[in-house]
Amino acid sequence: MIIMQPGATREQISTVIDRVHANRMEAHTNVGTRQTIIGVVGDRHNVPADQFESLPNVQSVEPVLKSYELASRQFHPENSVFSLGGFTIGGDEIPVIAGPCSVESRQQILETAQAVKEAGANALRGGVFKPRQSPYSFQGLGEEGLEYMAEARALTGLPLVVEVMAESQLPLMSKYVDMLQIGARNMQNYSLLRAVGETHIPVLLKRGLSATIDDLLNAAEYILFGGNNRVVLCERGIRTFETATRNTTDINAIPVLKSLSHLPVVLDPSHSTGHTSFVSAVAKAAVAAGADGIIVEVHPDPEHAFSDGQQSLKPEEFARLVKQVKAVAEAVDRTLV
Amino acid sequence: MIIMQPGATREQISTVIDRVHANRMEAHTNVGTRQTIIGVVGDRHNVPADQFESLPNVQSVEPVLKSYELASRQFHPENSVFSLGGFTIGGDEIPVIAGPCSVESRQQILETAQAVKEAGANALRGGVFKPRQSPYSFQGLGEEGLEYMAEARALTGLPLVVEVMAESQLPLMSKYVDMLQIGARNMQNYSLLRAVGETHIPVLLKRGLSATIDDLLNAAEYILFGGNNRVVLCERGIRTFETATRNTTDINAIPVLKSLSHLPVVLDPSHSTGHTSFVSAVAKAAVAAGADGIIVEVHPDPEHAFSDGQQSLKPEEFARLVKQVKAVAEAVDRTLV
Amino acid sequence: MIIMQPGATREQISTVIDRVHANRMEAHTNVGTRQTIIGVVGDRHNVPADQFESLPNVQSVEPVLKSYELASRQFHPENSVFSLGGFTIGGDEIPVIAGPCSVESRQQILETAQAVKEAGANALRGGVFKPRQSPYSFQGLGEEGLEYMAEARALTGLPLVVEVMAESQLPLMSKYVDMLQIGARNMQNYSLLRAVGETHIPVLLKRGLSATIDDLLNAAEYILFGGNNRVVLCERGIRTFETATRNTTDINAIPVLKSLSHLPVVLDPSHSTGHTSFVSAVAKAAVAAGADGIIVEVHPDPEHAFSDGQQSLKPEEFARLVKQVKAVAEAVDRTLV
Amino acid sequence: MIIMQPGATREQISTVIDRVHANRMEAHTNVGTRQTIIGVVGDRHNVPADQFESLPNVQSVEPVLKSYELASRQFHPENSVFSLGGFTIGGDEIPVIAGPCSVESRQQILETAQAVKEAGANALRGGVFKPRQSPYSFQGLGEEGLEYMAEARALTGLPLVVEVMAESQLPLMSKYVDMLQIGARNMQNYSLLRAVGETHIPVLLKRGLSATIDDLLNAAEYILFGGNNRVVLCERGIRTFETATRNTTDINAIPVLKSLSHLPVVLDPSHSTGHTSFVSAVAKAAVAAGADGIIVEVHPDPEHAFSDGQQSLKPEEFARLVKQVKAVAEAVDRTLV
């Protein structure tokens, strides 16, 4: 990692980058408000630091102690903030993403989209390719579902967050969605991470069921490395011995991720608890702990949902949640969008 | 569990209790604002429900589906609220317990007590018998430590919360402390739980490192069964695969415990994270999720603490935490004491 | 699941299968030594059992209680046994698969192949596409590695076991390898499982780091459902709180899997322990517990291995392991190949 | 840790020990076959090594890198072997401990004792004080149970292994039992460990449900530190996310413990699996992995057992297990007693 002096010129920065390339490595540049930092990635074993330290206006060359670099706060000391639809994520405002687990029908998604929009949601989630434990469970509507999602966006203005399960789905996905979700079970599907890294679509990267925080940041690094900087990390509960809830919300992960990385962090209290009765409490906890957003499952008729019914809120329950989360957000000097 | 009609007289209740005793079982009575519930504990296999259903003003006899009964919300539908020192726990107000991991010296504990009192703490914690992983680590000051704690109480008015490690320490402890703490490693030390159940000292029961929520409530049942009703449950992090933090705060446990039990629930963000940088975020999360209190490690000089220095806040950091937690408490319609 | 009478004719079986198809479901037939069982997969909600029970020589229609069916022992009461290279797996003989974590060079793999062959290995493992936690770690030699592997097979006669990481690698892989490995991190990459299920190449399916036994059998079901019956289940350690070893070998999984499923089960003591000193003890334990094979990492120069050096045995250590495992195999009435 | 030269005299060793005492520390001496090692325990911070290095025939003073010392193989390079009843543990022969979870009646324990004796058991287990999750479960027969156990010993010659739950039970226990068991839930009940360390009764120390291997060895250190050297470590399964079995047998723990410590290691396949169908496979695995013994629950009528019925073998199943374990023991160059 090469840190430039505050006054370094564009030309001087280019000189450093050329030297990086001459060493057959890649340079990723973070132009901060105060100074520019150049992340150097590739095989670093044989490159002496003094090759760079002697260049004009290079302040220092610092080793990267973690296996990830572009995802680290060391490389990018300020929070990453980027916009999606009409709001930003990673800054002061806290977006709420909501919608059903699966898109089940045109009517279901249009109805849900309007209801969550009214209740205060800023983006619409909905799965069309579903990673289900059993091959005999509902696998999603595929492209038909994407068309309904697009219609819901036209109706409400909400940007779309949809899970991508395979590289081969990317061309189709990229025609419809505003944010790609990588599901927990694919968090270490490195081929998919690489492919997504080569798109320019923002990514919501869910933590794997037994992924450590270090694993999660390395998975993000695969995407960043491809040139896609708009990655949001999502805590969605980890697998532990406790069976009273579907997963264990690792609330510690929020301040830990915020300290190690500049990327926005959101929490999914629906998956992290697995029961509607606990979603609201944990959503509030997330925001109190510093989360940059929440993503919540909402269904107009949870009892007849094709999937995740027991953890999906009804629209009116979701509306109450938004109101409560708003109060907590203000208590920690943030606002909902 | 025998549920009396709202208008049942004292005499009718006595008749039921006598019948319970005649069946060689014990009766625990919860006189609620609306109606009285009689918990029947003992060997229930051979007692037909209709023996009780036919008694005057018995509304119904309901089976207890859990292995615990007195700890369940079914038995005691309203929150348990009880007072300690000058505040209540389990009601609207949220007490903050603070102090060092170990009492190290007279000066250290007096200084800490004054500092945490000033910053807003309502009770003083401090260990004098320490359950340490290695027999070669500092084991605590014993009775000398209790005397310093008592002096700190005289100075500040703060009630004392001290861990008891063995039945044999109870006579000594009961002379000094206002609340007994059962540590995580002793949560299933049933002999100790029984002994503590026979005192009338309030108890802070910490969840074991790998105890399920069900285990914790059964451990509480041992204490309640002995006749000691003033039990506070404490989430202090569980052991999982994640190593970025000392433990994993199971934030889900807060709403889950509140739904299953009437007992107050507090969270210990110092042990549940293990690092000072994360204590404040998790303390706020706890209160947002519905915790009835927090217990925080504070030390005047954490770098030289005999134990737990890396997770102990300095008094000024603790003062900031209290201020932040206060704002979150108000956002969820609670107040600090 | 439709169970035919022992004497059912081919024609009667066809009639049942036609009826299954008429209901828009798929039939998977297991012709056992005693009687034929027809697994019916698809949406079973609306098909009345009596449609099938009344057909000639149908013994009974039994519900499937698990979410998987083709992988269950209920569907296929006898052990699945199939041949690979010159040996069988799933029967009395126990094959040993060995080789380096990564193919690093032509010399390394040829040397290792000869050494493991001599020491008693029956198949050669070696990764050419490596799922690495960090994008900056060695990612494998790709097709070049496959060519070296093929050369090693020509030299030693050992069939090749190679990990496939993405659907897009399948056409290349299928030209070279004898058995596809699905790695732990891809165990729930359902797109890949489906794609592999449509090949006719035997599969070694590794259990995910936090996959339950139920998850593993459902993952196998995805492959079987595609028509590929030759699936071997591989226990390779799970993620727990214990850090003394890289993973925790779930030795219980061996008898549990053998009781729930007809598929062969192998154990990978290299990954499940992570340290050469423990590989041999755990390999013996696996065979004593009923494993149908073991897969072991061997490297000619572990200290300079590109990956997994600390858990790779030297050829002479591996030779000792084979000798010890042989003795244990005989003690449980099995033999090495 | 002070290592004496091979030829050091008793007098020279005494001189070293006196110097240790002069520094207000304790000395624990291990007289090995080759040379004597003196473990120095207490506050080591202020004692310069050269005080000891200059004494006659001191070979070296070596730091202890672990938090435990007396339990480490560094302090005691040879296996600890000690005798119990008519057999040894820790050496070549492998004892089998068997019996019911709880002593339920005189007839039950006498019958079981004779049956397990006949089937090849070397010691009799049976609980009389039971640590039960719920206070309403059967808590054991207490002294009455001990009397029945003593009668069973008189009848069969089998030494008795009985769990002690509290310091206050020790005087009673010490009149009856040959080996004290510390249960998993009390593994970090340090008051109990200290008390047991001051007896001279051999101890079977069970690993806690979420205790690391390091925790277990530190718990053993508490007992050794008190002067009681006859400690046997017992792996009995740990708590993980897997629910197919009651616990997860950490088979890795066997070779890991044997490498870190000189103490004998046994495995309890009844608790570590929780189901009779898996006990035998895991018992064999334990011996194959290097365990020094096994402890198995056996009940004449498991379906009506007061506790642990689903994991208790019938006498005839146990007899088959012993036969199978014997074959595996011989395959790894050990023998049953």
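Just so it is clear, A, B, C and D label the chains in written order, and each chain counts residues from 1 on its own.
Keep in mind that, in the parts below, a contact is a pair of C-beta atoms (placed from the backbone, for glycine too) under 8 Å apart; a residue touches a chain by one contact, two chains touch by 3 or more.
Remember, it's a predicted structure, so these values are computed and weren't measured experimentally.
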item: Between the pairs B-C and A-B, the one where more C-beta pairs touch; value: A-B
item: Equivalent of C-D within the choices B-D, A-D or A-B, defined by over half of its residue contact pairs recurring; value: A-B
item: Centre-of-Cα separation between subunit C and subunit A, whole angstrom; value: 34
item: Centre distance in Å when subunit B and subunit C are each reduced to the mean of their C-alpha atoms; value: 49
item: Cα-centroid distance, subunit A relative to subunit B, in whole angstrom; value: 37
item: Residues of subunit C touching at least two other chains; value: 210, 214, 239-241, 243
item: Complex contact set, residues of subunit A against subunit C; value: 41-44, 67-69, 131-137, 165-169, 185-186, 188-192, 194, 208-210, 214-215, 218, 221-222, 225, 239
item: Contact set on subunit D toward subunit A in their complex; value: 210, 239-241, 243
item: Sites on subunit A touched by subunit B in the complex; value: 210, 212-214, 238, 240-245, 248-256, 259, 272-273, 277-278, 281-282, 284-290, 324, 327-328, 330-332
